[in-house]
Amino acid sequence: MSDEIKDECGIVGVFGHPEASTMAYLGLYALQHRGQESAGIVTIDDEGKSYDIKRMGEVSEIFSEKKLSYLTGTKAIGHVRYSTTGSSNLENAQPLKVDYINGALSIAHNGNLVNAYELKNILEQHGSIFTSTCDSEILIHMLAFYNKIDFVEAVKKSLEQMKGAFSVVILNKDYLIAARDPNGFRPLAIGQFADGQFMVASETCAFDLVGAKYYGEVEAGEVVIFSKSGIHREKFAEKGRSAKCIFEYIYFARPDSYIFGESVFKIRREMGRQLGREAPVEADLVIAVPDSGVCAAIGYAEATGIKYDTGFIRNHYIGRTFIEPTQNIRDFGVKIKLNPIKDMLEGKRVVIVDDSVVRGTTSRKIIKMVRNCGAKEIHYRISSPPIVAPCFYGMDFPTRAELIAYDHSMEEIKKYLRVESVQYLSPEGLIKASGGKKENYCMACFDNDYPVDLKDQQTKFKFEC
Amino acid sequence: MSDEIKDECGIVGVFGHPEASTMAYLGLYALQHRGQESAGIVTIDDEGKSYDIKRMGEVSEIFSEKKLSYLTGTKAIGHVRYSTTGSSNLENAQPLKVDYINGALSIAHNGNLVNAYELKNILEQHGSIFTSTCDSEILIHMLAFYNKIDFVEAVKKSLEQMKGAFSVVILNKDYLIAARDPNGFRPLAIGQFADGQFMVASETCAFDLVGAKYYGEVEAGEVVIFSKSGIHREKFAEKGRSAKCIFEYIYFARPDSYIFGESVFKIRREMGRQLGREAPVEADLVIAVPDSGVCAAIGYAEATGIKYDTGFIRNHYIGRTFIEPTQNIRDFGVKIKLNPIKDMLEGKRVVIVDDSVVRGTTSRKIIKMVRNCGAKEIHYRISSPPIVAPCFYGMDFPTRAELIAYDHSMEEIKKYLRVESVQYLSPEGLIKASGGKKENYCMACFDNDYPVDLKDQQTKFKFEC
Amino acid sequence: MSDEIKDECGIVGVFGHPEASTMAYLGLYALQHRGQESAGIVTIDDEGKSYDIKRMGEVSEIFSEKKLSYLTGTKAIGHVRYSTTGSSNLENAQPLKVDYINGALSIAHNGNLVNAYELKNILEQHGSIFTSTCDSEILIHMLAFYNKIDFVEAVKKSLEQMKGAFSVVILNKDYLIAARDPNGFRPLAIGQFADGQFMVASETCAFDLVGAKYYGEVEAGEVVIFSKSGIHREKFAEKGRSAKCIFEYIYFARPDSYIFGESVFKIRREMGRQLGREAPVEADLVIAVPDSGVCAAIGYAEATGIKYDTGFIRNHYIGRTFIEPTQNIRDFGVKIKLNPIKDMLEGKRVVIVDDSVVRGTTSRKIIKMVRNCGAKEIHYRISSPPIVAPCFYGMDFPTRAELIAYDHSMEEIKKYLRVESVQYLSPEGLIKASGGKKENYCMACFDNDYPVDLKDQQTKFKFEC
Amino acid sequence: MSDEIKDECGIVGVFGHPEASTMAYLGLYALQHRGQESAGIVTIDDEGKSYDIKRMGEVSEIFSEKKLSYLTGTKAIGHVRYSTTGSSNLENAQPLKVDYINGALSIAHNGNLVNAYELKNILEQHGSIFTSTCDSEILIHMLAFYNKIDFVEAVKKSLEQMKGAFSVVILNKDYLIAARDPNGFRPLAIGQFADGQFMVASETCAFDLVGAKYYGEVEAGEVVIFSKSGIHREKFAEKGRSAKCIFEYIYFARPDSYIFGESVFKIRREMGRQLGREAPVEADLVIAVPDSGVCAAIGYAEATGIKYDTGFIRNHYIGRTFIEPTQNIRDFGVKIKLNPIKDMLEGKRVVIVDDSVVRGTTSRKIIKMVRNCGAKEIHYRISSPPIVAPCFYGMDFPTRAELIAYDHSMEEIKKYLRVESVQYLSPEGLIKASGGKKENYCMACFDNDYPVDLKDQQTKFKFEC
């Protein structure tokens, strides 16, 4: 994608492993693409003593051998996070960890509740004091409220009342509990180490790094309880209408991961092929917007028979910021990250394949840069449908007004991007490439059809994580 | 390349530009691949006041808008550096900057002198005090020694006495001077801004970013003097036997750069094609060791007609270090950076293309990882000849004993790597792909033929930069 | 005092002042002697937005002009803290600040509750989650619990249930409230600026620095409410048996402060005079253990007619730590802080006056050092009675077993200190010097008579601040 | 003193001690009053490997156990420094340390050369490159210049050419050398540990702390060489006119030190007594400007029979900076450091004794503050003569125009200070109190008679340390 969408989280959990904190750390390392703003790990040992390290920044900067060895115990949960600027602060970093009447308790959460405001209000009236603006804290306070009943029951009772998208891991002295909302918006997979211990993670690429095997999915509406007596699975709610986020396949997930049980690589490649079948063009060269467009671009090249090649050199040493000169430099904002190879593009008819377009501003810059290299024709192909609506289940899209496809015709988009042609993958093509059925996915950003009611979105206060 | 060679420097110089420090900063940003250990910029204003910022770390971490605005003046030089562990410290970071009897003076240097020890000894006997173990400091002391003669003459007289590889930029109140040793080991190009001001840089990708145009090369044995009266070029020594480092084409330079006046991309692609012609094989798939092998791999695929595809997903969030678990994890050291796409490799006959092999240890790990994904056959192809000798002109190769090709037959290498076949590009093929003549390149690492005498290498003390 | 007692807090509050945060900062500057471990200031503006800065360290290190200007608003509270090692961490630093259902709320507290454990347990059963081990947090949770009744009523209702020593300041959008427990253990005074605005502080020296005038005491069992409608005073509880901490006069308070309405300097000087009358001796010289003994030492000299002089030079640049050599150095631990003036002491009969003795270990070292300078006789005089019992109302004394006077006779103490004579001020003399009546003071550390029941002290968990 | 004079250095040297760096550290701890801006220690082990730690800040902040153990070897030199704002930077911090042709070399210096500019110019013409603006670097370059002759001879030859005030310690692989200029401006004493090893330090209070015994003075014009063969003393120059800085007795040195072989405490007390004899007055109370005036104030009280008491409470927690409110607060700038005890001063006739007055601005503020407490009469007494001229030998006085006594009559000073009377100690009284002869002291700041020619002072460039 040429515009950056900010996914909001990656989570991991490890149970019964002698190097639990190191496994959680490596899991987060592999999930870093899901959030680069903050990272944290919490462990709780068998005596109930808890340890946590959370900081702004990337996993590789935050943890050291010494810090990992401080994180004592055989069970751990971890979290990486990206968020909108307003609330980018350590207080909202996860996992959240508290000591309440029943001891240490920690939670990490991926997703977004739609009834957060309502639940918070009830809890505050009851006397609860919130210390973050992160909706995961609601679950913490509900668990503290239910302190007199059995812990697993308290978890189930609490989750039952939460509406929206949530994949969570919960840790206390005795249990690691993993759960997904009844609609199953966000992914959460179970892995198993050679010695039998379990791990959960947002994506399976975390298992590959630590040498764990894929074991299965945490199902929608299910709590999976890891304890000394092994793995135990229960429903906490009726399964709702299945609503797997199809954007995980398009952009978020690493291509080497399996998401909702399917290979991201295969589906993403097939999207490119389908796009080639739907929107072929006469051209000399297919190039990708690196790196997220590469997989679909090769698929497009396969389907159309046009040669694929590397069109851009990516600067691998881009930091979080760079300083722009006062004087205007042509294509500067894009060129700091990508430099086109002029010899490759000059005089050619070029197809540029991207995975998705949000605002369109970066696409326009990339196109201009390719044009400046002397490309004769430029055909823009996008391996997903037009984005027309925001996400309320955990993806950080801009508002409707900023989405280029919301109120512009294809002709207008073509004009704005200044290309010879522009084509999106059709919604039907997307479904076909995914190998599933429309009713199993959340495609609200493409079709405005929100699987779960949005009343809280009317309120001013927006809970996040 | 699967083993990391550490190039030692990238340099830039800017003259007469209102945003000189920002231009130097952006130049270094583009040259970051030439050195990630330290970076620095020095400016000297027209009153002779000097400003410098140097730190360990990457360009994006070191400089801020505030720091760049502190770096006052319209002329600047900059430096990025990688070095061997022993002397990785701020004292050796460049540019060096001193105040001597004629005012502020600064130098940045890429390369390695072979008579450093000898020159240092003479200067020390004369009373000079060295503050670094960087051989660039020798030039500083020579210039201080020649303080009573004209500055440009002093520069020429000093450079004349230096032997080995050096591309340098020198800055004082009045001049920016760029020079290359008489053999022309290391690259140094001249660029020009739209408004006529000049810039020099190790690679032309620096010009692309700031919107400057390529103007030409600093020639071997030449000093190029930038002053208020414009650009002025002089020889400081007879041109020696031409000895352009061919490794710049193979690995160091960014593919979007022009080096010694030629397109790196084109030559590197041609190396892949030539390798395909020299060493074809029956296979289902060509994959590259990312990212340095991609360019040659596509060339190999073109020449052989075998399909190219992405075999590995690279983790873009690798920090400078990572923590390994105590327990052994299969293929861990490689997998933290690269994850193979199993679906792609299973049951296939795979050609892996790499740009070069130094120790062979990483190659072996990558191959093993591919094998573990179920590849039926693995054919390793290297788009450069076997490395058999160390470099004394600025590349940080290990000692002979550590070079796998130094004392192992092809059969032994094949056994060590555990592949069905392994083949290198021939020296002749390399020359052919480069489009030049053997006598114009330094290929000492491949053929043990050192263009400049190495007496200082016998001495214990090794000057660096 | 030669052994260090750690007082636990100093607090300030400012209402309606255009430079509220700066006034709070200066107040804390003046109260720094009451706690050097952490400091913090919280402001809440009229819209209810809160701002806080808290850090480990001293006031002068923590705040800058920029930070003070960030602390927006016309009302502020502040806190300096010393605590026992175990819980020396930022989480326990004050003021505490939360957002609850009625908006921002902040509290700073000096003292120690004796029913903290009991209250915490009730609140936790109700679902409250505590984030510190600081007993001030109990008040916060009680206020959140009473969120549906009027704020001032909620404060009164909450304070009513707290037992032990507490001087507190409470801040929200509308009010600054100052209160003291019904026994009035810890001091809290009211000051007034020239323009009519109010300030409260643990000691009046804070008013001197900011140019405010002393206005009166916050009375025991009283809440003083500062709001837009001025100052308003109410009882929240029947006044209990008066229990002013007499140790404030002996050691804690700065001599230039007025505490409980009386001049510390005058009382402390009178203690010295009384000691002179009770325990005179033939000697050549009276010296003080600096700086806390100086005031009484001059009084002792006055009453006995013996010449007072400076016996020690104090090193003013003592940091928080110093490194001791491996090899033993005579009197090292004391000498790093104090160096005796040999010429002054040699051959003399010396009276050393100290304000109090806790463990006696430092006194012994000081005496030895004076002896090593050639003093002929050493007479130790202490301007307070023997300390025989710990404090549960906010002073951090060691346990009984560590108190030298707890189970040693005067003869044993004399032997331990190795002096010609040792004498304490009598309890009656102390009362006389203070100008008050025994029944108005807490002298539990001298007479084991605790004014408020101690049930929580039996429990393991100790709440602090 | 009420205005702060910035002394420029304290130095130490340790030879042959197993904990050399720790002894140097403790020595600097004791000399911290001589400079709080930066501190450093250098050690050189017997193989010639050198170790150094230098930083801005106080000794207690800079060194840790780990850092001291890094400073390997049995010989060390150390330095504390205060300097004028302009050149307050790490580059000028000492000890200076270089590697030159004969190995590691380090120097620490107290004083100020008057021919620095001249010497530097000669060395620079010869090709030397200076890296600091510290005149100690001149000595380093001279030693590098004389690299072919015997080291001790090189030291003597170099020192011979230096004019002005210098007490130095020099360290290399084999020697610790201590030296004082031929006039003996600045102090430097020799101490000896119980086991026979030697130490040198600016003041003897450093010996007290580490348990070393005073051994004697480094004489003016002498080099004292400590080596494996013991202590060896030589003249490097004819002794010049003796010019001991009398201000060391008045203000700089700690009262518990011996300077130039005499007790500072005794001389300073005697100055107070002499002042009492020269300038008595009818009054109720003698108070001191703390802490530097206390010693003389007690002497004044003795001589006049007026009672001495503590007039001010000093805030011991003053950081390096404090933030002043925007609104004007009466006496603020002084009150942040000192608070007068009103009860003590009200209605009294008060003598305030100070050790010296530079600009008079702070004195005026202190007097005003005392007046505001209700003092009936204020008599200001200064235990040194009027300062009328700047120092060029290492004290950082302001320029002539800023010295209140330079161009104001006693009547004008009295008016400015707003006192009933003001009196200084006479120059004759000062000499008498010091027990020496006028011709042995430098009193240039009082009598404008500079013992060593000042030609370099005409030049613009001022070398410092």
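First chain written, first letter: the chains are A, B, C and D, and each begins at residue 1.
In this text, a contact is a pair of C-beta atoms (placed from the backbone, for glycine too) under 8 Å apart; a residue touches a chain by one contact, two chains touch by 3 or more.
In this text, all values refer to a predicted model and were calculated from it rather than measured experimentally.
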Legend entry - Given chain A and chain B, the chains that contact each of them: none
Legend entry - Most distant chain from chain A, judged by the mean position of its C-alpha atoms: D
Inset, instruction - Mind checking the centre-to-centre distance between chain A and chain D? Centres are C-alpha means, answer in whole Å. - result: 64
Legend entry - Centroid distance [mean C-alpha coordinates] between chain D and chain B, Å: 53
Legend entry - Geometric centre distance via CA averages, chain D-chain C, whole Å: 37
Inset, instruction - Give me the residues of chain A that touch two or more other chains. - result: none
Inset, instruction - Let me know each pair of chains that touch one another. - result: A-B, A-C, B-D, C-D
Inset, instruction - Please name which positions on chain B make contact with chain A in the complex. - result: 18-19, 22-23, 25-26, 29-30, 32-33, 36, 58-61, 63-65, 68, 205, 208-211, 254-256, 263, 265-266, 291, 294-295, 298, 308-310, 313-323, 325-327, 329-330, 332, 335-336, 339-344
Inset, instruction - Over in the complex, which chain A residues touch chain C? Could you list them? - result: 98-101, 121, 124-131, 140-141, 144-145, 147-148
